[in-house]
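Note that subunit A is present in both complexes that follow, paired respectively with subunit B and with subunit C.
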Partner chain A sequence: MTLLRVRGLRVETAGLPVLRGVDFEVAAGERVGLIGESGSGKTVAALTLMGLQPEGFAVRGSVEFEGRQLVGLSDREFSAIRGARMAMVFQEPMTALDPLMRVGQQITDAVRAHRRVSRSEARSRMLELMSRVGFPLPEEQARRFPHQLSGGQRQRVVIAIALACDPALILADEPTTALDVTVQAQVLALLQRLVAEEGSALLLISHDLAVVSSVCQRVLVMYGGTLVEAGSTEEILEAPRHPYTAALLSTSAGIGAESRLAAGRLPTIPGSVPSLGGFPEGCVFRGRCPREQARCQEAPPLVADGHRFACWFPLQPGAPSKLGTPIGR
Partner chain B sequence: MEAVDASTSAASPLLPAEDSPDRRDLAFLRFVARRLGTTVLTLFGASVLVFAVLNILPGSPAQVILGTQATPASVRELTIKLGLNQPLPLQYVHWIGGLLSLHLGNSYISGQPIAPELGAALAVTGPLVALGLLFGLAIAVPTGILSALRHRRASGTWLAAATQVGIAIPNFVLGILLIIVVAVDWRLLPASGFIPWSQSVGGALRSLVLPAISLGLVEGAILSRYVRTAILGVMRADYLRTARAKGLPAGRALVRHGVRNASVPVLTVLGLELSGLIIGAVVIEAVFTLPGVGSLLLSSVANRDLITVQDIVMLVATVVVVTNLLVDLLYRIVDPRLEVGG
Partner chain C sequence: MAGEPLLETIEVSRTYGSRGRAVHALSRVSLRLGEGERLGVVGESGSGKSTLARILVALERPDRGEVRFKGRSILGGRRQDLVPLRKGVQIIFQDPFGSLDPRLRVGRSVAEPLLALRVPGDHRRRVQQLLDAVGLPAGSERLYPHQLSGGQRQRVAIARALAPEPAVLIADEAVSALDVSVRAQVLNLIADLVDRLGLSLIFISHDMAVIRHVCTRVLVLYRGEVVEEGPVEQIFEAPRHSYTAALIRSVPVLGGRIEDL
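Our next item is the complex of A and B:
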């Protein structure tokens, strides 16, 4: 059953496109990863789904969630959905919590935002949530202020807030990027376990392929405000068709044991992500792509169902990528 | 020390920190005690400075009191009578001892005790400053919030520009304008003078309205800028986005998280502005010929009534220092991040 259906989602600010028509679906209970470099539009996409895009961002297209059109809803109408049916885990646990409010209260607020429950009921729900996200002494730890918790603990509080009203979809925007590597794994495992227990769907946004591939069943690859490739995690990892996906893969695969690069060399994608107005006409990856030809001046459509990719000259499945170029070569 | 405790315990995975509520309360008491100590020291320093500066000034008060026609013998006699021949440290101890037991001494000029006169002046200046502060807040909070909410629209920009104009108007100019328009042209409120509280509370309040507006408007305009900045900061904060992601509508999220968070920077400025209000009161009292502390200070300076000047300056210093103490304590209550022990 399709929970979320995004069609032709365009977001513009000051006449510059941030998202250029994005299409994807998330089924109920499905775990989907959204990956791409910084500036590819991942965070804007998530915020737009929540109706929390920054001021001055114009949204067009269609976002259907649980059969309801979200584009064009008023703030008040959207508020009834946010936190209740669709919740978000943010990137920066350091700043995502109010520094002057006890963390327990911040979770209780989330419960009471949608549920008409008494103070004591909200409180017992809050304590239950805190112990579920891994606080052994919720009674006491609920009285702490954010600065008295570690980064990992704060992110657990943010996750508890997201879970407060059993949402059908959780958007997690780089939930582990700001954390220590050891804590990252714990928080990721927690998120995955809770989503499974609740039966919620998860849209996990990350620049880190390893993170996404360990959690998600399906992967969307975003570049320059467009989806360039979408498929099952296996398809994307084993047989990427879009040159950008292949390049992204080689940057993280190159660090592994089978790396053919000289020591001290990290694989990179040549060039850099253009600024907002600086993307080329036609295929957005044009200019950084080694397979570019004249036809790429025309934007390629995202073809086929199942494994989809937007490229005129896709890689053949199984062909080794020649894209990762070491720095300094 | 507490800061170190808190951070190490927070780093240990998911275990309760050492700083239990009891320990925090104890640390807070210790902080209050230490802060009181520094307040007393500051006041001591201020008193020495005030005393020293006023006694370094040339000219003998006895000579001033008796006039140019006085004989040296009578001047010497009065000097001894006033205790001005004693060594300065002894004079200082005598003065400060009097202040501590609330004996402010007698005026050099009238020979009358200073305390009742200063008390009467305080009954004018105290309410004037308080009303000025209230008026300033009544202007600053709504305009600050409104110009923050509308910062992308023309109305917000106009509001911000208006406060800029408010800051640029000196309070005495505003006072004179108000006298001309409200008091002289419209005859709504008295232009000058003061009806004592004992005679008519309403009359006393009426005589304070225009001075309080002149005093409060400028401070309110300055404060409005800080309120605007503070609210904008909250509006852009990640935690506000978290609150909206919980499903709180924008307005409710701002009230829930904005009041406390915005009050931290506003509180600081408010503490500083109180000194500005007291200084402004001296000028405004002159414009509206109010018999307040400012007028008393000016006449005492003109008369070389050193002991009265000393007392008034010390009083003002005490008010400022104590205000700073209160602001500091309020801070610790509002913002738990300020480690009370550190």
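Our next item is the complex of A and C:
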């Protein structure tokens, strides 16, 4: 069953396109990764889905969530959905938590914000949530203030708040980027286990393909405000069709795989991500792409061939990618 | 390791706070960096790795132990004792936005150590060479930090660190805040510069994968103590300490699984 259906989502600010018509779906209970680098528009996409896009950002297109159109809702209508049916976990838990309030109280408030429950029911739900996100002594730890917790524990509190009302969709934007590696692994494992237990869908937004591919069943690849490729995690990892996806993959694989002495230089993507308004006309990856040809001055549509990709000259499945070297015509 | 170490700490300890609530940031940490060596220091928050970095560049003094650069103590307390260190050891931090003055143009920031250390010569030309060496386009010297991307700012920080022609470069989580693709570019740059300029490198990170790529030897810090040390490949293949094993297991890999630790 489709939970979230995004069609032709366009976001502009000061006449500059941040999202250039994005289409994707998330099914109930599905774990989908949205991958992109800084400047790809992935965070604006997440904020827009939550109705939290910054002032001055014009939104067009359609976002249907549980059959309801979200684009054009008033703040008040949106806030009834946010937290109740859709919850968000941000990169920096310290900014999501109130520094002056005990964490147990913050979770209790989240429980009561969307449900009519008694104080004692809310408290017992809070204690249950705290122990489920991995606090072994919830009564005691509920009395802590955010600054008395570690970064990983704070993110666990944020996850407890996100779960407070059994959301159908959890949006997590770089939830582990600020954490140490061992803590990152713990928080990702927790997130993965909890969404499975709750039956919630997860939209995990990250620049790190290794993180996304370890957690998600499907991957959306975003560049320059455009979805350039979308497919199952296996399809994206094993048979990427878009040159940007392939480049991102070889960069990610390079760092993890071998020592430099064995592998030589790390594969990179030539150039850098342009700033807003600096992307070329036509295909947004033009200028950095080893497969570019004249036709790329026209924007390629997202087409389906096995999985979806937007490229006039896609890599052939099974063919070894020839990154950084021009491909023969 | 043969020969005199270039930079070393001997049983260095540092404690914060007062009795009763004391935190042992470092306990008897010994580190030896040989000429031309690339040493990794891996550890997470609270491991003491940043304290160690600050002690190595004399931004902080240890409570106990010795720190030597080219065989001479840097803890004597006399200003002139620090001059060789200030020239010879340079550090780049995680957040170049925090370490670059937002009001200074890039060219001025890079020239600053040349002025401060009274390095003779044509500074303007040196700045151009440095910006070129780190792969920044011509004209970058006129820009302000906010006009650059994260990767470009880190390149500026590297150019500035190289300005006084140091013998040792210390990178403290220098690529952790960067996107994966930009991280690869900056890692390649650091590795190239270290090779080309014959630098010795201390690369401090929480990420074993990055350490593995850049370093030949690694020292694992956990709660202020060295729990394991050795050639990076050996430690990667057969970690002896359970914490090292957990660190390696935690690095996410493409198409891997997230393990509940």
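Methods note: the second predicted complex is superposed on the first by the 312 of 329 C-alpha atoms of A that agree within 3 Å, B and C clash if a C-alpha of one lies under 4 Å from a C-alpha of the other, contacts with A are read in each partner's own complex, and residues count from 1 in each chain.
Methods note: contacts are C-beta pairs under 8 Å (C-beta built on N, C-alpha and C of every residue); 3 or more make two chains touch, one makes a residue touch a chain.
On a predicted model such as this, the values are computed, not experimentally measured, just so you know.
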item	value
Touched partner set for A:100, first subunit B, second subunit C, both or neither	first
Subunit B versus subunit C as contact partner of A:145, first or second or both or neither	first
Which superposed partner A:289 touches (first subunit B, second subunit C, both, neither)	neither
Touching partner for A:75 - first (subunit B), second (subunit C), both, neither	first
Partner chain(s) touched by A:49 [first = subunit B, second = subunit C, both, neither]	neither
Partner chain(s) touched by A:246 [first = subunit B, second = subunit C, both, neither]	neither
First, second, both or neither for A:153, with subunit B first and subunit C second	first
Touched partner set for A:84, first subunit B, second subunit C, both or neither	first
Common interface positions of subunit A, toward subunit B and toward subunit C	150
Of subunit A, residues touching subunit C in the complex	37-39, 150-151, 180-186, 188-189, 192-193, 207-211, 213-215, 233-234, 237, 247-249, 251-256, 258-261, 263, 265-269, 272-273, 275
Subunit B residues touching subunit A - in the complex, by the definition given at the top	6, 10-11, 13-17, 19, 21, 152, 237-239, 241-250, 256-257, 260-261, 264, 334-337
Subunit B contact footprint on subunit A (complex, rising order)	50, 52, 55-56, 75-76, 79-84, 87-88, 90, 92, 95-101, 106, 109-110, 113-114, 134-137, 140-141, 143-145, 147-150, 152-153, 158, 161-162, 164-165
Touching residues on subunit C, where the partner in the complex is subunit A	44-45, 149-152, 179-185, 187-188, 191-192, 206-210, 212-214, 216, 232-233, 236, 246-247, 249-261
